[in-house]
Amino acid sequence: MQNLFFTSLLVLTGGSIISLIVQRDTKLSYVSSVFSMFGSLLALIFSIGALITQSTLTTTLPTSFPMFNISLHIDPLAAFFILIVSLIALPASLYGIGYMKQYAKEYNLGVFGFFYNIFLISLLLVITAHNALYFLFVWEIMSLSSLFLVIFENKKLQIIKSGFIYFIMTHAATAFILLSFLLLFQFTGSFDFETIKQHFASIPFVIQTIIFLCMIIGFGTKAGIVPFHIWLPWAHSAAPSHVSSLMSGVMIKIGIFMLFKMFLDILPQTPLWLGYVVLIIGAVSSILGVLYALSEHDIKRLPAYHSIENIGIILLGLGSGLIFIALKQPSLAMLAITAGLFHTLNHAVFKSLLFLGAGSVISQTHTRNIEEYGGLIKLMPYTAIFFLVGAVAISGLPPFNGFVSEWLTFQSLFSGIATSSILIKSIFIFGAACLTFTGGLAAACFVKAFGITFLARSRSIESEKATEVSPLLLISMGTLAVLCLTLGVFSFFVITNIQLIVKNLSLFSSKTSSLSSTGISLQVNQNVAHLNMPVIFLVMAVFIALSFGLVYIVSRKQKVVLRTVWDCGFNALSPKMEITATGFSRTLILIFRGIFQPSKQHEIEYVDADIRYFSKSKTVTLGIVNIYEAYLYYPLHNGLSIISKQIRKIQSGNVNQYLLYIFILLLGLLIFARY
Amino acid sequence: MNIIFQLQLFALVIFLCIVVMNIAKKNTILIFAYLIQSLMLVAIMGIKSYHEMSFEIGIVTIILLIIKVIIAPQLLLRIIKQHKANISATTYLNVPMTLGCLVILSIFAQSDVFSPFTALTPLLRVLLIGGMLMSIFFTINRKGAISQIIGILSLENCIFTFGYFLGLQQSAALEIGMLFDVFFWIIISSIFVRTIIKHFGSIDVTQLRELKK
Amino acid sequence: MSLYSKILSVPLTLVPRKIINQQNDVTIVQKGIEKKIKKLFGGSLAIREVDTGSTNACEQELMALTNTYYDIERFGIHFVASPRHADMLMVTGPVSRNMAEALKKTYEATPDPKIVVAVGDDAIDGGIFKGSYAVLDGVHNVIPVNFQIPGDPPSAMTILSSLLYILNIIDDKSDQKKQ
Amino acid sequence: MSIFIIILKLILLPTLSPLCVGIVRKVKAYMQNRRGAGIFQPYYDLWKLFHKDEVIARDASWIFYLTPFLLFGLSILLPLGIPLLGSIESLSFFGDFIITIYLLATMTFFIALSGLDVGSAFGGFGSSREMTIAALTEGTLLFSFLPIALVTHTTNVILMATTASGLPFFNYLPFVIAFMGFFIALMAETGRIPFDNPSTHLELTMIHEAMILEYSGKRLALIEWANANKFIFFIILGVNLFFPWGLSTTANLSSLLFPFILVIVKATTLIVGVAILESSMAKLRLFRLPDLLLTGFIFCVISLITVTI
C-alpha cells in the first residue's frame, strides 16, 4: 500500500524531469501531462485504499540536519485530502494535454510540465508532512512552483503583476506560519507534530492564543479568507485554466487541511473563542466573497471569488464544530466537521469543473470578459451543459452535491441555534443568515455568469467564431460533471466514509455522531431532519417526465413555429441590446451600496465644443471601490513606504559610515555580552 | 622571566605603531609603521620558536617575515609611487579629536568589560585590546583606500598578538593558512586600489558615493 | 377603513345585457375562422391592441371596455402586453407607411389560431386619411383581416357587442328568439 | 392508506390552484368595484393556451424549450413536503423545509435562465430583478420556518405542523411574528403587488411577467399553471404551518373530513386576505424592496430569539 504512494511520487518526478529533457519539440509536450495523469491515478488508488482500510502510515527518514527529519504521517484525514488532490489532478492533467496546445508557439511547455509535476508532488507531500520544518520546506516548494505556473504567460504585464501579488501574500502567510511553529518549538522543544501534540497542554494560555491567531492568519491567507483574499482573484485568473482549477480546487484546501489538522488533531481542546473567530470569519468571507463575485465580469475571476465564498462555508462548518467541541457536545461537533469536509470535497469538484469550463470558453473566444460572450450554448453545447452542471452544483440546488453539503452545514448551524446561551445563539444565527443569503446570491451570480456567457446571441465577432473544444477537454469536464451528480445523489455513502474519518480523529475516538445514515437516507440528531438524496432525485425525474407526458397528451396537435424574437415591431434587435453582466448585477450592487461604494462617471464628447447639442460619443464608467485595498492595504502600504523612507537615510553610501556602524555594534555587543 | 618582559615591550611597540598610524598624515609613514609592527611580530614569534625550539614555529616566523615585512610594504609603496597618491591620507577628525577617541578606547579597553581576560595584565589589556579597537577606529577615520588597507592589516596583527598572548596557539598549519590568507588579501586589495584610482582618479573613498546615484 | 366600507356600499353598475345585443355592427370579411373560435375562444380571449397611426379615438373606446361599466373581463376577455400571449389583434388606425412592417411583425409574432379585427373606419379603408401618400388605406392591404368594426370611432358599446358576436356568445338569430 | 391520501393531495392541489388565482382576481375585481372574470376563468385560459400553437424565438436554446416542463414538474412536487390534512401524509424521505426552499430556488434559477435565453432586453431585466428578489427572500423564507422547527425538534414540515397544533396557546406568539416574515416572503415569491404587479402591461415594471413574455401556447400554460401551483403551495403552507389547529394527528380516514373543511376555510381567508392587501397597496419601487425583505427577515430573527426551545 505504502509503496503505491511512493511510486506515484516517483512517476511525477519522472514526469517533471522528462518534460525538461523533451522541452524543445512541442509535439512531445503532452508527455509530462500523461505522467502527471498516471501519477495522480496511482495516488487516487492509494488514497481510496488507505480510506477503506482506515490505516495510518508513518515513516520517518532522518536526515543529516538536526531538527529536520522527513516524516510522513498519512492518517485517514490526510488520505481524504490526497483523494481530493488526485481526484482533481486527474481530469486537470487530461484537460492540460488538449488545452496547452494553444500556448505551444509562444511559451515553453517543457518548463510548464516540469513545474506542473513539481506542484503535484509538493501538494501530496504537504498533506503528508508530519514535521514542521519539513512541512515548511515542502510548503515553500508548493508556493514557488505554483507561482511559476501562475506567471506562465509571462508576456503579459498584468499576469506578472498578479504573480507578484500572489508571491508576496503567500510569503506573508508563510511568515505567520513560521512564527507559530517557532513558538511551538520554543515551548515544546521539537518540530515534530507528535511531540507537539503531547506537550501542547503545557503551553501558557497567552502563547496559545498567539499561536492560534498566527495559524488562522497564516493558513487563512493561503485558504483565502476575506481580509487576506486579495491574491486569490489575481492568481487564479492569471494561471492557465487547468492550473487555476487545480489551485482553486485543491491548493486552497491545503490551508483548510492544515486548519482541520491543527485545530482538531494536533492541538486538541481549542478554546471557545477560536470557534467564534473561525465561524465569524467563515460567515463574513462567504457573504463578501459572493458579493464581490457578483460585481466581477471576468470569467476566471468570478469563480475565484466564489472559492472565497465556499471557503467561508467550509469554515462555517469548522467553526461550529470547534464551538461544539468547546461546549463538550462531540456528537454535534462531528456533524459540523463532516459537513465541512464534505463541502471541501464538493467544492473541489465543482470549482475545478467551472474553471475547466471557463478555460475552454477562453480558448475559443480568446477573451476573458463576460460582456463579449453570448450564444455559446449553440456553438459549444457540451461545454455549456457541463458549465451549467457546475453552476447548479455551486448554487447548492437539489440533485447536485453542493446542496447536500449546504444542507449539512445548515443542520449543524440550526443545532447550534438550539443551544441555550444567547451569545452563542446570536453567533449561530449570524452564521445561518450569512449562509442563506450567500446561497441566494450565489444562484443570482451564476444565473448571470451562465446566462450572459452561453445564452441569447453572441455579443462580439470573436464569440461568433467559437467552436466546440477537442474531445479530450470534454471528457475531463464530463467526468467532473458526472462526479458532481453522483456525489450529490449517492452522498449518503460518501458521508458515512467521512464520518469514519472524523471518528478516527483523536478528539472523537469514542463518541457517536449525531449524523447517522440508515439505508440511503441521512438522519440528524435522532431523526430531527431527514435527507434522502437518491429518492429526491428519482421523484424529481419522475415528476418532470410526468409533466412531459401530460403535455404530450393534451396538446400534441399544436405546431411550433420558429420566428424572430418579439422586438415590439422594431427592426432587428441587435445583440448589443441584450442585457449585459454589468446591467444584470447592477441592481444588487446598488442594494449593497455600503459595501461596494459604486461610482459612476459620465463623459460626453461633443461634435462642436460650444454647441452642446450633438454629442459625438458618450461614455459611462461604472467603478467599484475595493474596500480591502482602499481601507486596509493602501494605508498599510503607505505606512510602510514612509517608514522605509526614514530608514533609507542611513544608507549614505559612505564606506566609513558603514564601518562606524559595525564598530558601534561591536562595542554594544561586547557590553551586552558582559552583562 | 625577561622573555615576558621583552614580549610586553614588543606589544608596547605594536601599540605605539598604531598610535603613530592614527596621527600620521602621509601614506609612507603609515607603511613604515606597519613595517615596524610586523617586525615586532616576527620578533615575538622568533623568541617563541627559539624558546620552545619547535621547528614549525620557525617556518611560520620566516613566512611571516617574508609576507608582512617584505612583500606587503613593497606592494603598497609601488602603488603610491605609480600614482603619486601620497598626500591623500586625509581623516574625518582632526588630530586632537582622534587622540581623544584613542583615549576613550583605551579607557574602554581598561574597563571591566574585558575583566574575564585574567591572563592579561591591565597594561597588556590596554595594549592589545585597545590596539585592536584603535586600528578599527583608524580604518573608520581615514578616507584614503590605502590607509584603510593598512588599518585592516594592523588590526590583523593585533589580533594575532592578542591570540598569542592569550596562549591560543593553534597548529602551525593553521597559522600558515592565515598568513596566506592575509597575503592574498593584500594582493586583491592592491588590485582593488588600482581600479579605484583608474576609475575615480583618486583613492579617496568618498568618491564611492557616485556608485549609489 | 372608510375605503373598504365605501367599496362595499357603492352598487355595481353594469351595462344591461339586453342593450348589448342590439348594438352589434360587425361585418365579416374572412369566413374560415368561426369553427376555431367556437372551439377555442369561448371561455377566454387575449387581445393585443396594435395602434398603426390611429387618431387615438378608437384607443379611448377600447380603454373604456375595461372600466367597471362595460367590464369585458366578465366574458373572459383581457388585454395582454405581448403578441405571443395574444389570440386577437385589434388593429386601429390607417396603417401608416412606417408602421406597416411593425404590423406585419406583430402578425407573425402572434401564434395561430388568431383573429384580426380592424377597428374603426381608418383601419377598414383609410377613413379620413384615405388616398394620402403616407397611408396604406386600411389593414387588409397589409395583413389578412377577419372582422371589421365600422365607426369613427365605434362606440364602446358597438365594439363590445361586436366582440361578443365574434365569439359567438351572442349571434343574430338567438337575439330574435330572446326578444 | 397514506399513499392514497398523498396521491389525492398531489392531484387535488394542482387542480385547485387555478381556482385560487381566480378567487384572488375576483376579489381584486370586487375591490375595484367591477364584476371581473369568473373564478374559473384561469381554467379557460389554461385550456385555451394548451390548444394554441407556439411561436418560439430562433435563438432560443434547449433551456428555453425545457424550462416550462421542469418548472411544472417541480411545482407538482412541492406539495409533497407540506401538510394538507394531517400527519399521515408525512414522508420520511421528503419533507425537510430546506429541500422545499431549495426546490423553489431551482425553479427561480431556471425561469431566470429562460428569461435570459431569448436575448430580449425585457427578459434580461426581468430575470435580473427576479434573482435579486429571490436571493433576498430565501433568507426570510428559511428563517420563518426555524422557530417552529426548533420548538418541535424536527425539520419535517408535516411533523412540525402536527406537533405544533398540540402546543399550548401562549407560545404561538413567536409563530405569529414568524408568520409576518413568511407573509412578506410569500408576497415576494409569488410576485404579488408590493413586489411585482401580476396584471401589468407595462414591460418595464414587470418582474415575473417579463421573463415569460416570450413564451406562448402550451409552454406559457405550463408556466402559468406552475405559478398557480406555487401560489397554492405557499397558501397551504402558510395556513397549515403557522395556524396548525385542526390538523388530524391520527391516521384513520374518518378523522380527515373535518380538517379538510377547516383547511378550505383557512385557505380562502388567507387568499382573500392576500387579495385585499394587494388591492390596498401600491407597487413599491424596486430599491425599496430590499428594506421590506430585510424587515421580514428581522421579524423571523426576532421570533427565533423569543422562542423558547
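First chain written, first letter: the chains are A, B, C and D, and each begins at residue 1.
What we mean here is this: contacts are C-beta pairs under 8 Å (C-beta built on N, C-alpha and C of every residue); 3 or more make two chains touch, one makes a residue touch a chain.
Fair warning: this is a prediction, and the values are worked out from it, not measured in the lab.
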* Which chain is the middle one, judged by CA centres? -> A
* Selected pair, greater C-beta contact count between A-C and C-D -> C-D
* How many angstrom between the C-alpha centroids of chain D and chain C? -> 35
* State, to the nearest whole Å, the distance from the C-alpha centre of chain B to the C-alpha centre of chain C. => 118
* Asked: Quick one: chain A and chain C, Cα centre-to-centre, how many Å?
  -> 60
* **Euclidean distance of C-alpha centroids - chain A vs chain B, Å** => 63
* To do: Quick one: which residues in chain B touch 2 or more of the other chains?
  => none
* Asked: By residue number and range, which residues of chain A touch two or more other chains?
  -> 559, 561, 563-564, 566-567
* **Per-residue overlap in chain D, given as positions that touch at least 2 other chains** => 51-55, 213-214, 217
* **Pairwise chain contacts under the document criterion** => A-B, A-C, A-D, C-D
* Parts of chain A lying in touch with chain C, wherever the complex brings them together -> 559, 561, 563-564, 566-571
* To do: Note which residues of chain C are touching chain D in the complex, please.
  => 3-4, 7, 10, 12, 14, 39-46, 67-68, 71, 73-74, 76, 78-82, 84-85, 87, 108-113
* Structure fact -> Seen from chain D, its contact residues with chain C in the complex are 29-38, 41, 43-45, 47-48, 51-55, 200-203, 206, 209, 213-217, 220, 276, 280
* In the complex of these two chains, what residues of chain B are touching chain A? -> 92, 108, 112-114, 133, 136-137, 139-143, 148, 205-206, 208-209, 211-212
* **Complex contact set, residues of chain A against chain D** => 374-375, 377-378, 384, 388, 392, 395-398, 403, 407, 410-411, 414, 417-418, 420, 422, 425-426, 429, 432-433, 436-437, 439-441, 443-444, 446-448, 450-452, 454-457, 521, 527-532, 535-536, 539-540, 543-548, 550-551, 554-555, 557-567, 573, 575, 577-579, 583-588, 590-591
